[in-house]
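Can you read through this structure? Questions will come right after.
Residue numbering begins at 1 within each chain, and the chains themselves are lettered A, B, C and D in the order written.
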Amino acid sequence: MTTTLDTLRDRLRAFALERDWGQFHSPKNLACALSVEAAELLEHFQWMTEDQSRAPDEASRAGIAHEAADVLLYLIQLADQLGIDLLEAADRKIALNAAKYPVASARGNSRRPDR
Amino acid sequence: MTTTLDTLRDRLRAFALERDWGQFHSPKNLACALSVEAAELLEHFQWMTEDQSRAPDEASRAGIAHEAADVLLYLIQLADQLGIDLLEAADRKIALNAAKYPVASARGNSRRPDR
Amino acid sequence: MTTTLDTLRDRLRAFALERDWGQFHSPKNLACALSVEAAELLEHFQWMTEDQSRAPDEASRAGIAHEAADVLLYLIQLADQLGIDLLEAADRKIALNAAKYPVASARGNSRRPDR
Amino acid sequence: MTTTLDTLRDRLRAFALERDWGQFHSPKNLACALSVEAAELLEHFQWMTEDQSRAPDEASRAGIAHEAADVLLYLIQLADQLGIDLLEAADRKIALNAAKYPVASARGNSRRPDR
């Protein structure tokens, strides 16, 4: 079967149900776990130069893939708890970003987080 | 066209190329940005109780969907830079978690991060 | 000798100098490390209820103290690299917060992060 | 009066008491807030090169000082809630790090987070 965000969501639902973990999976807790996994991903890069980060050794790359998977899995579960369609939200966000950073002015400028 | 992680990746590639942002998108920088977005997601929940987090008001929910999209978009770009297949990595991680947290012992126990 | 932020700073300077770690201690890298340690601190609490977090067992409490120390040590080093006086900055921030959250309106309301 | 971690702690206690914010300040919530502030600090550096991060412009530097203060203020409050002596914990951590990274082997090598 092809893996998609939907098939992952379904497997994660079954996984949590079998273990009775729904009680721990409040959106707040899942957001904590997501932040923790994002930091574990960052940890791989913290003492690397940017150049080194473009070509990590095989062990680092495998660790990075694991942490990236953890981020995705918590993100899917968080979105599922709140009825958020991740792909649709991402589609909308790209459209918003295109309006926020027009090619003419954004070209070659790292954007400022002008929140 | 149906949105998938692959179509999002392609749009993000075009987006960065048009703006000449490849120079800023080292894996290290993308991992920083991912962590920052994950924290912005968490910020919505930081003073909520767990119960409140299960039913955020509409404004919070919209903000959460935006931040969740940002997390996904940086995650896709980071994986793209390093040639990581996110769905495959997530598949493998679920299998690893199933072995690490057998139903019998994990049932009803929040797992300890025994790294 | 009494320990203060200044004596810790001096010890951290000597520590990094002896190991020739100044090359790794750019403010950017220290900010990454600080975020990673803050997440390791959060990890202790991620599956706890708020009530549980008020009374962690002795092992958790010891782990939390270690991570809190790591956060402080990276914060001191980051401030040192940029010539920031942490205590003065904290003094100013409390004054700003007092103006931002007047007692009358803030009483009993969790503040919104209206950045 | 000289500012120290203890005087900041006392002011933060009074600040929270006046606003009846103790109810929101569980260690779990404070750890969330600490992580969020650490990420806001990191955000200033995310698109900078390491070299740029060593010499931020005055506006960035002021913003960084604010976020660093926020990190310190939440760290003090978290430690206060759990009865952790931050300076003592930091002292102990430096001693542990000295044992973990002996000068001879650590010299010039960025340490690996071998947790």
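Here, contacts are C-beta pairs under 8 Å (C-beta built on N, C-alpha and C of every residue); 3 or more make two chains touch, one makes a residue touch a chain.
By chain, UniProt protein names: A, B, C, D = Nucleotide pyrophosphohydrolase.
A quick note: this is a predicted structure, and the numbers were derived from the prediction, not measured.
Trainee: I need the common contact partners of chain A and chain B, sorted by label.
Mentor: C, D
Trainee: Between B-C and A-C, which chain pair is linked by the larger number of C-beta contacts?
Mentor: Between the chain pairs B-C and A-C, A-C carries more contacts.
Trainee: Which one of B-D, C-D or A-D makes the same contacts as A-B, at least in over half of the residue pairs?
Mentor: C-D
Trainee: For chain A and chain C, what's the span in angstrom between their mean Cα positions?
Mentor: 25
Trainee: Would you mind pulling out the distance in Å between where the CA atoms of chain C average out and where those of chain D do?
Mentor: Measuring from centre to centre gives 1 Å for this pair.
Trainee: Send over the residues of chain A in touch with two or more other chains.
Mentor: 24, 29, 32, 35-36, 38-39, 42-43, 45-47, 49-50, 110, 113
Trainee: Which positions of chain A touch chain C when the two form their complex?
Mentor: Per the stated touch rule, the residues are 24, 29, 32-33, 35-36, 38-40, 42-43, 45-47, 115.
Trainee: Going by the contact rule at the top, pick out the chain C residues touching chain B in the complex.
Mentor: It comes out as residues 32, 35, 39, 43, 46-47, 49-50, 110-111, 113.
Trainee: Can you check the complex and tell me which residues of chain A touch chain B?
Mentor: The contact residues of chain A facing chain B are 3-5, 8, 11-12, 15, 18-21, 23-24, 26-29, 31-32, 34-39, 41-42, 44-45, 48-54, 56, 61, 64-66, 68-73, 75, 78-79, 81-82, 84, 86-94, 97-98, 101, 103, 106-108, 110, 113.
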